[in-house]
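Each structure below appears as structure tokens.
After this come two complexes, each holding chain A, first together with chain B and then together with chain C.
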Partner chain A sequence: MSNPKTLAFAIMDPPFESARSTTFFRLLEIAAGRGYNLNVFAYEGGVHLSFEQQKAHGNGVHGTDVETEHHPLPKIWVGEIIATAKKNGGAVNWVNCGLCADERGIDKVVEGVRRGGPADFWKLAAASDNSLVIGTR
Partner chain B sequence: MSSFMLISSRDPFECGDTENFYRLAVDLKTGGSDVTLFLVQNGVLPARDGAENLALRQVVHSGVRVVADEFSLRERAVGRSELADGIAAVSLERVVDALAAGAKTIWH
Partner chain C sequence: MKALQIIETAYRGTLEEQDDTIIWLTHSMRDAGAELSVLLTGNAVNYAVKGQDASGLSFGDWKQTNPPRIEAELEKLIGKGVPVYAVRDDIDRRGLGKVAKVTGVQLVARNALAALLEAHDLVWHW
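And now, the complex of A and B:
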């Protein structure tokens, strides 16, 4: 793509709690498939999305093992979004709020995610063609 | 003309503030802007014919483009034929299109 768009997103929802994080990933997947550049600022609970130590599990109530349960892990989706964007000529600049990560003990994240601060969202938005803030309330 | 993409993710029956968001859409349209109200997640529930949400009907009648995320509809077993007049099922791609085109995009 000769002149790809750059879009910024802010997300504060953790995984496994709200449909907002699912819709957020759906938006990223579409944009990454188009080869857009993506600037992501994850803050508050949103820093959990890229937490490297997420683990799949079985479900004793349903009697399923890990393989059968095939539990979705957002950390994998983060990696796939980054890979999809790269494959299509785009790039993902994913910033986790460092304060938010420290508060929650999020000290290990997947490759391609870096630490930053709230001012980074302003920088990311200023460097983008458009922005979407997915607010929790 | 300014363009707005308003994303409504909440059912007005669970969040009273949703109807204020609908009114924002109407006010922007009345002011001369091009406005799309995109219903997603539980926000698609009042799009059902029979939900009889007066505030959403007023949005449709105001000339605001009202669309519902087809994925969210499928998740909630709402068929296209069950949508109220003036509301179309569309892909989430519509939101990315709006962002790429520079529309002011607001999430509620």
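And now, the complex of A and C:
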């Protein structure tokens, strides 16, 4: 794409708590597949999405071991979104709110995610063609 | 001691957790000997509908191979002796009155809920 659009997203929700985080990743993937550049601002609980220490587990209730359960880990999805964008000519600029990460002990994140400040969402939105806040409840 | 688990918020993180977290918790506690019932109310009455298919989630090369199977988990709960109720008014309001339901789910009118709650020592509204 010669003139790709740039979209900004903000999310506050942590993984495993609602359908919003999954929906958020669905939107990112569609945009990444279209070659858009993505500016992502993860705020408050959203900094958990890229936490590198997420671990898959088996499930005694389901009777599955760790391999069969194949537990979803959003940190992997972050990597997939970054790879999909790159494959289609776009790029992902993923910023975690640093203060939010500090107060939650999120000190290790997957490759491609960087630390920023609260005002970064303003900057990311200003540098984008449009922006979407994933509203939380 | 008998507790009633009231589930009102439907599909809350179910794709990521591969289950409804409260149905899962009910399984775990039941397996440990707890006496529990489940009441589906609000949007969660949809959990009782048969034929749900949550497969197909994928991001890039990652594909979900073990999606949530909530109706099967409900059936298993009922099989373990956990009564599962659903509010009939909420089912009707959503046009699900004639839709096939998970076998064993008991429909209860909203104006009969007081008696159902009274029949339990503890009521946990998640």
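The working rule: the second predicted complex is superposed on the first by the 137 of 137 C-alpha atoms of A that agree within 3 Å, B and C clash if a C-alpha of one lies under 4 Å from a C-alpha of the other, contacts with A are read in each partner's own complex, and residues count from 1 in each chain.
Throughout what follows, contacts are C-beta pairs under 8 Å (C-beta built on N, C-alpha and C of every residue); 3 or more make two chains touch, one makes a residue touch a chain.
The structure presented is a predicted model; accordingly, all values stated were derived computationally and were not measured.
When both complexes are overlaid on chain A, the residue A:I81 reaches chain C alone and has no touch with chain B.
Contacts of A:H70 after superposition: chain C is touched, whereas chain B is not reached.
Residue by residue along chain A, chain B and chain C are tallied for touches, and C comes out ahead. Legend: residue contacts after superposition of the two complexes on their common chain; A:I30 is shown touching chain B, with no touch to chain C. When the shared chain is aligned, chain C comes close enough to touch A:H62, but chain B does not. In the superposition on chain A, A:D129 makes contact with chain B only, while chain C stays out of contact range.
Of the two partner chains placed around the shared chain by superposition, chain B and chain C are both touched by A:A19. Across the superposed pair, chain B and chain C both touch chain A at residues 19. Residues 11-19, 24, 27-28, 31, 57, 59-62, 64-66, 73 of chain C touch chain A in their complex. Within the complex formed with chain A, the chain B residues making contact are 9, 40-42, 71-72, 92-93, 95-96, 99-100, 102-103, 105, 107-108.
Taken together, the chain A residues at the contact with chain B in this complex read 5, 7, 19-20, 23, 26-27, 30-31, 34, 36, 129-135.
Those residues of chain A that touch chain C in the shared complex are 15-19, 21-22, 25, 29, 59-62, 64, 68-72, 74, 76-77, 79-81, 83-84.
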